[in-house]
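One structure coming up, written as structure tokens, with questions to follow.
Chains here go by letter, A, B, C and D, matching the order in which they are written, and residues are numbered from 1 within each.
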Amino acid sequence: MGALRLFERSLFKKNREYFFLLLALANIAIVFIVITINLVLAGQGVRIFIKEGLSFITTSAWSGVKESYGILFALGGTLVTGGIAIAIAALLAIGSAVTIIEILPSWARAFASTLTDLSAAIPTVIYGLWGLFVLSPVIGGLISTPPLSLLTPYLGSPGSLGTSLLSASILLSIMIVPFSTAIIRESLARIPKYIDEALYSLGLTKFEVVMIKLRYIRTSILTALMISYGRAVGETVAVAMVIGNVLNPDFWRIFSPGYTIASLIADQYQNAEAYTYMVPAIFGMALILFLIGLGINIYVSIISRRG
Amino acid sequence: MLKKIIPIGILIAIIIIGAVALFMYKPWGGVGVPTQPTDTRNTAVTATATTTTSSGMIVLTFTYEDLSVKAEIPRKEVLITGGGSTFVNPQMQAWAQKFRSVSGGYVTVNYQSIGSGAGEAKWFDKALDFGASDVPISKTTYDRLISRKASFIQIPLIAGAVGIIYNIPEWDESKCGPLRLSGDVIADIYLGKILYWDDDRIKMQQVEECRSLLPHEIIRGIHRSDGSGTTALFTLYLSTVSSEWKTRVGTGYTVEWPRDAMGYGEGARGNEGVSAKVKGTKYSIGYVEYSYAVANKIPMAALKNKDGFYIVPSAEAVMEALKRGAKDLPPPSSFWGDVPATLINREGEKTYPIVGMVYAFIYTDIVSDIVSNKDLAAALSAFFKWVLTEGQKPENIVTGYVPLPKELAAKAIKYIEDYLKY
Amino acid sequence: MDTRRLRSSLGMLVFALLFVISIFPVFHLIAVVFINGSSVIASNFPGFFYEERPLPGTEEVGGVGPYILGTLILVSLATVIATPIAIFAAIYATQSLRSRLGFATSTLTRAMIEFPTIIVGLSVYGFLRILDEVLGMIGLQNPIPRFSALSGAIALAIVMIPFIYTQIEDGLRSVPNDLREAIYSLGSSRIKASIIMMRYIKATVITALAIGIGKALGETAPLFFTAFGSDLYPPIDAGMLFRPIGSLTLGIYNMALSGYDNWIRASWGAALILLSISITLFIVSRILSHRRW
Amino acid sequence: MGASGASIEIKDLRVWFGAREVIKGVSLSIPRNVVFTIMGPSGSGKSTILRAINRLLDLYPEARVEGRVIIDGVDVYGDTADPMAVRRMVGMVFQIPNPIPSMSIYDNVALGPRLNRLVKSKKELDDLVRWALEKAYLWDEVKDRLGLPAGKLSGGQQQRLCIARALAMKPKAILMDEPTSNLDPVGTARIESLITELKEILTVVLVTHNTFQASRVSDYVAFIYDGRLIEVGPSSKIFTRPENELTEKYITGRMVA
């Protein structure tokens, strides 16, 4: 009764504000969606943690026949590909943003930014097709000829094909770049002109000025990369097409094929229901992916608050 | 106060009316709102005899060799939703398209290749009107069906095989013919026990003048990475011929490949992934569906069968296995788990050893949504009768699929007639 | 002195090179899809846009009509579901200060982007199955069949919401404080103030919708167990929202993996259509939102 | 530190922004070690002249410059001129205090010397930073917190930090673009007294629209109106016996711009 009255009071507190409060239904819907999905994930996923315990994430095994599931290899693959992808994307996105804002004349600037934004609008399936037919053969050629092939004993198995953790990393980085470029570009453009003037008036070269400006916006750059990675980490179809899809316990051997969590899900969901614990394992993986994403978001909100 | 309540009242009213309208309207279960098809579509009926019963059904007769079956098609637009096996998808699409014109445009079969495992599970969930799978109903699902007291049938639809493909640049096919392999050798290759192509056990199987062509190169073992019925059939074969395989790896949609762990194996998505990877990787070996290899004209290895003959897959060689294996089907609602093994590694001079069938699952009890809908049940019955008769004729078979022997088709039709009542 | 200048030029050259490297794949990709796709569409023009998929293994490329129809229905339905939820939630979250609900939506939507989209599809399926059972117990029937255009649209909407929401929320938060103060100082209610601010950021709203729709257009995974797919035209009537429906992405995925030459060619044609729709949508949204860069 | 300032010669300077001519032929001759004020209403082109001196107009792609600027005999717009070298020779302070807010106080001052390799050792750099901060009357306020981000300082302090940053380059001239327009009276007074001190070591070119400030600090004054030079001369003369009517109106505050 008290709660009802409280609700009533908040509803009619101010003139016509109840309409505004009705908007909260939308927020409730979103919270409901996330909670529902997480309940489904957790409800199923918990079963695999009960069965496998911690070894679900500390061992490498994936066998429906034996009903044994350990996703260390996929977890490792996710982190390794993600790390390399971020590193490459950082270079490319910073380069693009600097080129667009600092080098290109203003008429080309609009065109170039549109172009990078456009690449964010391309469906990921099409990236996957391209990665499979164009990118991985090229990577395969690169890693089987010197100087890269000299690293093969440490990073791969002999005769590696193009479909590998490395190809997946590079494809991911290509998909991340447009997002990161857009964010870095905007923060670079948002640096007030008087900062430029101050730096140039000290007699610095363009490159030095740019480097100082980049350092100035380093939290934005980090945020941009993390957010874009978050968007790519759940990418299933495109990655599944180029990563080689092999249970590779040595996930640091990036010239070899491997798995990411998302591509393992994409590969296994079709027949998962034929086994007792494969569906829980898949949902358990999704839960882990969600936690990684949540972690990234919390981290980003912390660093951006500090910056 | 009243002024404030009115807008909220109106909103809530709209929501309630909308919700009620949605609840009243219940067109699912795969059946569309009946609409009267145009007369031009009626004339498209192509089957041999057309009569109309008192209940308004179109009666058609289908034949296959000396089989002749009557089927009734409702005079209403009916949508059948099926899903499962990826292997049968191209064939099913062809059947669906042809059957729609056979039914005079009344019956549309929407089949989606969501995977055998998912097909079985979603059928069990009653989200599908029928499920199709490369293996019969699994033990778990079967037990759940029994405990639920559900009645259902499973019937074979069509057959296929798994072919072994390879890439050895030195191998001269025009001179030596297809590579010859035995099951235990293939198992040991994938187990990682045979490393090189010039291993004696491979060499000795080839004709003498070609033995020296096999290079001292590491064999790359390619396999399906996605869960698939093809892998299930292939590993079933390996388990049959190699006890070590059976204990170390086993049979399933996805298994752990010992050769991968050694760094000499790799997975690929789908048949085309495997075939592309084998094509692109020197000294590799892989397996694909027979129909896929035929459609894409990929040469396959000759496999040693139980009687020691080396057989290249072909429609006849598969048919031989079918005739020997599934002579008699178990009762429709019993556990069929042993049926696939009866087709594997059969004896005979021309019998190919890795052969399997696609099975369809249909509920037959009145309680289920499907059968409470008379039109849907009739359409399902007619569709599968057509598939098992006209559908097995060469003009309706997609290249690379193997029709069922007449005896098997007749048995399956009998199950439909006996159990799928409407 | 000179080395400094050389270093500067070199450094800027490296930046420019990185830019070229980063946009090269996109050019290449568009070119590949365009070259492969256009010849396919030309070989059966204009039938490619409305015919059904041909039989496998024949010479015909047929058409992708049911997929185009399905994509249009699914995406517009999803947009109708997602847009109001995302916009209302964003308004509520930005305009109600210190609201826990607002904070929750803001954090949760950002995490929602991380869901692998296939899980969204599986979850919608699972939820509808539970709904089936619960409603069945009280003698009602679930109005949303598990395999239907409606459930597909719900899954797509869930994928879209976070993208639209985050854009609009960022837009609303970037409304300058003096403008915000000016609006409220006129004594407007929060809803009125929100409308004014939405008008102020309408470019962002258009961009947000374009991003959301673009995302939905390209999604395959969430449709597997919801929209289910359909390669033939379903009966076209009011009930079609309650029946399975196809989509361009499902069509591309299935045909590209089929191994039949004519289907693979058709999938390139479908990929070109999908790419064209995405690019057109993108360009139109750019023109509408008048963004300079 | 008895450095001497530079003389600056501006000859028939014309600047276009796009198609609009903003500076319409201005010639000025600025002697060494003085405070030379360019005065005029908003939008008259004062800041543009200032930015033409150290080629900061290069940053504006739409700007086009004609005419010559000669600093100590170096033709700034000559074929062999190096804009970076010019800017190193001429420091600049802006309307809005613009230290890099995230950098420390020390780093802000040390930035120029470090990148321009003016110093050989850490010790030398420390001395230079200290010297510059002392010259800018900031040392006593910040000596204990040199590592603090510059953004934490007050507006007046930030502006003095900017002056220190310019001074650390040991320039021969310093350009000041309305350095006090964003400061409170206390901050303004400190900057003004600083300006008069600075002419001991270099030439100060000050831009302001504030006639009182101009009269307080300058040795010479040039009055600019609508991109043209109206009158130039010693401060005492301009403020007591202006020759031009416009100048008189402006100084007496009767100008309706």
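The rule we apply is simple: a residue touches a chain if its C-beta (ideal position, glycine included) is under 8 Å from a C-beta of that chain, and two chains touch if they have at least 3 such contacts.
Bear in mind that the values here come from a model prediction, so they are computed numbers and not experimental data.
J.: Work out the mean Cα position per chain and let me know which chain is farthest from chain A.
T.: D
J.: Consider the two chain pairs B-C and A-D; indicate the one with the greater count of contacting C-beta pairs.
T.: B-C
J.: How many Å are there between the centre of chain C and the centre of chain D, using C-alpha atoms for each centre?
T.: 53
J.: Can you check how far apart chain A and chain D are, centre to centre, with Cα atoms defining each centre and the answer in Å?
T.: Comparing mean C-alpha positions, chain D is 48 Å from chain A.
J.: With chain centres defined as C-alpha means, what is the inter-centre distance between chain B and chain C in Å?
T.: From the centre of chain B to the centre of chain C is 33 Å.
J.: Roughly how far is chain B from chain D, centre to centre by C-alpha average, rounded to an integer in Å?
T.: Centre separation, chain B to chain D: 83 Å.
J.: Which positions in chain C touch two or more other chains at once?
T.: 5, 224
J.: I need the residues of chain A touching at least two other chains; which ones are they?
T.: 19, 205, 208, 266, 269
J.: Any chance you could list the residues of chain D touching two or more other chains?
T.: 84-85
J.: Using the touch definition up top, name the residues of chain A that touch chain B in the complex.
T.: Against chain B, chain A makes touches at 12, 18-19, 22, 61-66, 137, 157-159, 161, 163, 240-241, 244-249, 256-257, 266-276.
J.: With touch defined as at the start, can you tell me which chain A residues reach chain D in the complex?
T.: Residues of chain A touching chain D: 105-106, 192-205, 208, 212, 215-216.
J.: Residue numbers of chain D touching chain A in their complex, please.
T.: Residues 51, 54, 56, 58-59, 61, 84-92, 94-96, 98-100, 102-103, 111-112, 115-116, 162, 165-166, 169, 175.
J.: For chain C, which residues are in contact with chain B within the complex?
T.: On the chain C side, the touching residues are 52-53, 55-57, 125, 129, 140-143, 145-148, 224-225, 228-235, 237-240, 242-244, 254, 257-261, 263.
J.: Which residues of chain C touch chain A in their complex?
T.: Interface residues on the chain C side: 4-5, 7-12, 14-19, 21-23, 25-26, 28-30, 32-33, 84-89, 91-93, 95-96, 101-102, 104-105, 107-120, 122-123, 126-127, 158, 161, 165, 189-191, 194, 210-211, 214, 217-221, 224, 249, 252-253, 256, 271, 274-275, 278-279, 281-282, 286, 292-293.
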